[in-house]
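Heads up, the next two complexes both have subunit A, just with different partners, subunit B and then subunit C.
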Partner chain A sequence: MNMNIEIIAFGIAKDILKGKSVQLDLPAGETVSGVKKRLITEFPDFQSLASLQLAVNAEYVDDSYVLNENDEVVLIPPVSGG
Partner chain B sequence: MTLTKNELIRYNRQIILPDFGVEGQEKLKAASVLIIGAGGLGAPNLQYLTAAGVGRIGVVDFDQVSLTNLQRQVLFTTQEVGTNKAATAVSKLKELNPETVFEVYEAQLSAENAMDIIARYDLVVDGSDNLPTRYLVNDACLFLEKPLIYGAIFRFEGQVSVFNELQVDGSRGPNYRDLFPTPPPPDMVPSCSEGGVFGVLPGIVGSMQANEAIKVITGMGNTLSGRLLLFDSLDFTSRFLNVRSNPQNPVSGSNPTITGLIDYEAFCAGPVVEEKALQSVSVRDFHESLSRYFVLDVREPYEYEISNLGGLNIPLGELSERLAEIPHKGEVVVHCKSGARSARAIRLLEKEGYTNLLNLEGGILAWQKEIDSDMAVY
Partner chain C sequence: MKKIYITSDKLDSLACTDAVTHEGAGGIVVFVGTVRNATKGKTVLHLDFEAYEKMALKEMQKIADQAIERWSLYDMVIHHRTGKVAIGEEAVVIACSSAHRKEAFQACEFAIDTLKETVPIWKKEIFEDGEIWVSAHP
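Presenting the complex of A and B:
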């Protein structure tokens, strides 16, 4: 069983994912860490952002977090402008 | 702090607000706020906090007003280009509200001066424009137990939160290092001058910071402590993310490993990459033997139009399709505005087999500074 996960990008992550969001088809039980590996495979430049913490359904989570179908993953790099 | 009759009139429209009252106004008068940066975010904070009647306001900015600031930093005028931002801002704010006491720091906030300056205030507003300063301000506020109003902008997006606020249970709310434990590589964090910024955005985000600063001081409402606001002005969407204190936080976690300010430039430059260092040339050496180099300018054509060094202009994005125009023999100096894009261009060209490339250190900006001060910069 696979699940569909939406990744929403902010800041420079939009440039790397080439858009505001991408849909990933992932095996059931995939972790945040697995999502990061998959993003690096599909978007090699994502390597630079792999240390970022991701938010799932509006909560910051760590890399061991297990995702569920229709979870919304948000990718927020720091921005520095002022 | 008792209010004068004049103050009771000046602040009447907020004193009559439910939850605010004379008590709220007295808290503002007794409060001191430090604003880091008098730029896009700093200016609306300065204006609203001055107007609202904060008793003492400090402002830190070493930088001067530039023509490229005026598209968004609406506190300044064309005539003020070249003047110090902090001093110029304060001269106007004194006219706005003579009741407020101002303190100007025409200096760059650093690990050497941050503790002394921040210690003198109750609350800090971060309107800085670079990552090392953001970590510096965060850590200093943690060590000194000061609440920090965070705001940052990029293109059409803003982030706002309240860090290190005292909670009802006596603990402190999450902070910048809970959000971003590890800084990404510098080229992943473009500044306004590199990434661009929508002019209205700092007005919106800075005003939201001022809103939170007044609430933290007066104790009204619910602040953004523990929440990060992400605002997108292009689609007009906002999103709130819940932030938790991370027990692994190196400054505020359960086993702190950082107990004093560190070298933030080095921290944000990241671990030394094992990549082969780029060959480079300084603008002075380049200037002395101009004729021996082929010059490649990887900026956009509109930038070339503002000022150029007479090189061949191929924007970074078109490079891989226009390799035939770049010679493999002789020395090729590659440049952009500051040296970052040209470094990327060289990495790209090296993969295509080029071995004759030199990066111009500091790009057009260094050239303007050291060789030709009449050159237009942007």
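Presenting the complex of A and C:
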């Protein structure tokens, strides 16, 4: 069964998506690594960034994290606060 | 005053300093990050900050908790501005107090260095002929 997950974007990720978020139809059990690969395939400009991380429910997660349907998933391009 | 705070209003570094005062403190160190008028020789008109606020507040709180624990601080305040910030204005304020100055200096440096690495806030430089998200590309 597939799950539909909204990926929210900030900073330059918003420019690359040309919007505040993108809906992805993902296979159940999809990992963060899989989502990153999918995003780079659909939006090749992500490859040019210094880094690309995902946050789930407002915490950094690593590439092996398995996504759930109700997760709040946010794209974190290189941060530059301060 | 909120110790960990993100706002689109002007920051107040003096109020942040007051907020960490403590009778046991022998020193207060305050870092104020201000908006510079140029980057690599190119004139900057202003900055625009964006935050994933919910997570940024959590990450800022982690930094303060770690610093307080590691350097036995009396207190630490971290305030960050969002939205359009003019040249010379305060973009970030970090204040902390400790019994002796060395701990406060080290904790304050740790806090700003870590903030720049982990807190999901993004800075865009606005030039006369365009704009750029800082640090986005290698």
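Just so it is clear, the second predicted complex is superposed on the first by the 75 of 82 C-alpha atoms of A that agree within 3 Å, B and C clash if a C-alpha of one lies under 4 Å from a C-alpha of the other, contacts with A are read in each partner's own complex, and residues count from 1 in each chain.
In this section, contacts are C-beta pairs under 8 Å (C-beta built on N, C-alpha and C of every residue); 3 or more make two chains touch, one makes a residue touch a chain.
What you see is a predicted model; the values in this text were computed from it and never measured.
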### Query
Touching A:M1 in the superposition: subunit B (first), subunit C (second), both, neither?
neither
### Query
After lining up the shared chain so the two structures overlap, which partner does A:L52 touch, if you call subunit B first and subunit C second: first, second, both or neither?
first
### Message
Just checking: does A:I76 make contact with subunit B only, subunit C only, both, or neither of them? Give me first, second, both or neither.
### Response
both
### Query
On subunit A, what residues does subunit B touch that subunit C touches as well?
10-12, 48-49, 55, 58-60, 74, 76-82
### Query
What residues of subunit B sit close enough to touch subunit A in their complex?
37, 39-42, 126-131, 134, 151-155, 157, 159, 178-185, 187-192, 195, 197, 202, 228, 230, 232, 239-244
#### Entry: Residue ranges of subunit A touching subunit C (in the complex, touch as defined)
10-12, 15, 48-50, 55, 58-60, 74, 76-82
### Message
Considering only the defined contacts, which subunit C positions touch subunit A in the complex?
### Response
33, 49-52, 54-56, 58, 80, 91-92, 112, 115-124, 133-138
### Message
Per the contact definition, I'd like the list of subunit A residues that touch subunit B in the complex.
### Response
10-12, 48-49, 51-53, 55, 58-60, 74, 76-82
